[in-house]
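Residue numbering begins at 1 within each chain, and the chains themselves are lettered A, B, C and D in the order written.
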Amino acid sequence: MELNAVTIGFFIFSVFTLGGGIGVVTTRNLFQGTIWLMVSLFGVAGYFVLLSAPFLAAVQILVYIGAIAILITFAVMLTRSVTRIRERYIRTVPSFVASLALFLVLLFGVTVPIFGEQNPEAIPAFVMTTRDLGVALVDADGYVAPFLLASILLTAAMIGAIFIARDEES
Amino acid sequence: MVPLWMYLAVAAALFCIGVFGVLSRRNAVAILMSVELMLNAVNINLVAFWRYSETGTDLLLNGYAFTAFVLIVAAAEAAVGLAIIITVYRNRRSVIPEEAVTLKG
Amino acid sequence: MDELCTGLCKLMAEAGADVGLAQFVSLLVGVLLVSGVPLVTVILLIWVERKVAARIQDRIGPNRVGPLGLLQTFADMLKLLSKEDITPTAADRILYNIAPLVSFASVVLIWAVIPFTPFHYGVDLEIGALYFVAIASFGTLSIMAAGWASNNKYALLGAFRVVALLVSYEVPLVFALLAPVMLAGSMSLVDIVNAQTGMWFVVLSPLAFVIFYISSQAETGRAPFDLIEAESELVAGFNIEYSGMKFGMFFAAEFLHVFTNGILMALLFFGGWMGPLFYESPLIAFAWLGVKGTIIYLTTLWLRNTVPRLRIDQIMAFNWKFLVPLSIANLIFLSLALKILQELGMAPRDLIGASFAEVLPATIVMLLINLAMTVYLLGIMRKRGREARRESQAGAALARAGAAGD
Amino acid sequence: MNVLNEWAFVGLFALMAPIFPALPIVIAWLFRPRKPNVLKSSTYECGVETIGDTWVQFRVQYYIYGLIFLVFDVEMVFLFPWAVAYNGMNLFGFIAGFLFIFLLTDALFYAWKKNALDWK
């Protein structure tokens, strides 16, 4: 594998993604955890750019860094006694062993068999535009059903969450 | 270009970090954040498979659109999950899932 | 930048340099050229802002350092450089120091997609319009991080209010942004400007522009939405603990953001570089964009220095109960009318390169729809205002009666 | 310029952008006076001694605004491709997008009727 902009980008984003992920599960402070989560998800957005899906990358940043980070921070502040619990981890060793085992299974079950099998140069360098996605979203042969279902899901989530989170007295 | 297996390896690692967080953290908000990590690991895989697949034009968008829908589900999950955590906290002054056992017989 | 880059690449490659290195260097030169524009502008902006504010308030403003006080900014910079920089002991050191950098960088990053002339721009991303909305979310997060990292009650409270304000006004902002995207059929800013050869989008959809204007005023934290600077309630807001150059960075970011929004509005609604003779020379095109952006920028300054600050409950009610429904209704009516016109063949399917005569029928219909909506809205607002006045009068009378009874 | 080249420009821009504000701060760090003391670096809250930690309880209204914003944010994600494809769209596609907006407007009206939009 030669060293070019894409591979350099891949390694930088890997550091972001995995470092952020480790930060999320190890940091004791929940706000710092949120920031680590955003670092990780920013790395994922970088992958999307490398995989020529820039629209998804923008969406990733817009939804996660723009909205979910804010939402998590608000929730952290609303449940503040969180910081007072001293004991924050349970079953540390078994969880670590379990997740490591899962990683090895995934690595040897899924990743290693295709090791070196893919010749990336053979992949056609097609460019998918946002217009294609827009046409497919509302096409009867495309994704119009999931598109509308997504809308219903969002409506239900919003109504449900407002119903749950509202103060009872008001 | 980066070969496919490297994306899969990173996604697997991210997924397992998320699994570790879900299993070992006590705080419900931290568990939710770990779930978000797992969902994103899945998204990396979806987009990577989409990019490297050589299927016909009919399937050209499947991975792409599927990722967008996973994003919607992740958002809905975060919204409702956090609302539940806030309500449980208000009623029981606790954010530890093991302690919210009112519905247990 | 496009030709310049290839030109530089070619020159370096011919001189025997490594092709990868040549590409990198030419990209770097492009980045420095494009980012130089906002960095030079911001120095001037601070002076403009202070001078205009002073004139509106019947003062003279900076006039000591240099001709007309033009060098005042450099004097201020020297002052800020020599200030002691205090990091509170209780603060989260890393986040506290990163937050101002992210805040400024998030504004500078928008300039990567801004086209200065038809041929000179950093990049023409296919998702340009979505890009600058996404980049803005870094700014929001940096404010939250600054407030939290300061470990100060006022800072945290200020940051929360500001973030709630920012996210609320992003909804109408993006709904208004959908109008030019829909009309142009593209998110690329170059395409959006090119689609305005026949008619500026501000004429096709004036309400979208008004909504965009109001919400970008809120996004930059300017009066009447300047909760960021609510000195009377929050001491100073989220940046209370910041001093010296880091405080200066938050300030510079705000000033630059206002001007950036002016340029964006010029591109999205006022035809960008379009104007008499713009095709003659890139300089003329660039000048037209600058003139339009500056005029919009000056009106925001005018507004900022004229109106009083609203309370947070009023700001939120105005957004969620007026601006958001209006922006959704505007989008629905716009798309409905345009689709009907397109089906009838009265509007071109593709506005890019469409002539004035082709767009004229659609323009007249759009203007009529917008006029009808505006009249309806003004009616609602008059009714609401009358009710509010009656309520407050009744409340005052009640209070007087209570005071007399005691 | 191909797509990845464009993004290399954006990536380089993203690397450079924090350097511009960092430069003056670093210069200031070289020149500024440094005489810290305990009072100076204590938390500034109007001269009043700080009581308790900063994590005062917040109202749930912040969360509700964040929640409504999140839902609309995700909605816009789907509306952008719809708007881009709008010009070449048939009536069916247009109505699908229309329904999409309409359903979410419902949720907004629910929140309005439940007074969830009021700053309490």
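Simple rule for what comes next: a residue touches a chain if its C-beta (ideal position, glycine included) is under 8 Å from a C-beta of that chain, and two chains touch if they have at least 3 such contacts.
These numbers come from a predicted model, not from an experiment.
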item	value
Comparison of B-D and C-D by number of C-beta pairs in contact, larger one	C-D
Centroid-based (C-alpha) most distant chain relative to chain C	B
Averaged-CA centre spacing for the pair chain D and chain B, given as whole angstrom	21
Distance between chain centroids, defined by C-alpha means - chain C, chain D (Å)	14
Centroid spacing, where centroids are CA-atom means, of chain A and chain C in whole angstrom	28
Centre-of-Cα separation between chain C and chain B, whole angstrom	33
Residues within chain C bordering two or more other chains	125-126, 130-131, 156, 160, 167, 170, 185-187
Chain D residues counted as touching two or more neighbouring chains	3, 7-8, 56, 58, 60, 62-63, 66-71, 73-74, 76-78, 80, 83-86, 88-89, 94, 97, 111
Set of chain A residues in contact with two or more other chains	6, 50, 52, 54-55, 59, 62-63, 66-68, 70-71, 74-75, 77-78, 130-131, 133, 137, 150, 154, 157-158, 161-162, 165
Arrangement of touching chains [line / ring / star / complete / other]	other
Set of all touching chain pairs, with the criterion as stated earlier	A-B, A-C, A-D, B-D, C-D
Residue ranges of chain B touching chain D (in the complex, touch as defined)	68, 71-72, 75, 78-79, 82-83, 86
Residues on chain B engaged by chain A in the complex (per definition of touch)	1-10, 12-21, 23-27, 29-30, 32-34, 36-37, 40, 43-44, 47-48, 50-52, 54, 60-61, 64-65, 67-69, 71-76, 78-80, 82-87, 89, 93-96
Parts of chain A lying in touch with chain D, wherever the complex brings them together	5-6, 9, 49-50, 52, 54-55, 59, 62-63, 66-68, 70-71, 74-75, 77-78, 80, 83, 125, 127, 130-131, 133-135, 137-140, 144, 147-148, 150-152, 154-155, 157-159, 161-163, 165-167, 170
Chain B-facing residues of chain A, complex	1, 6-7, 10, 14, 17-18, 21-22, 24-25, 30, 33-34, 37, 40-41, 44, 47-48, 50-53, 56, 59-60, 63-64, 67-68, 71-72, 75-76, 78-79, 81-82, 85, 87-92, 94-96, 98-100, 102-103, 106-107, 110-112, 114-118, 120-124, 126, 128, 132-133, 136-137, 142-143, 146, 150, 153-154, 156-158, 160-162, 164-165
Chain A to chain C touching residues, read off their complex	4, 31-32, 35, 38, 54-55, 58-59, 61-62, 65-67, 69-70, 73-74, 77, 129-131
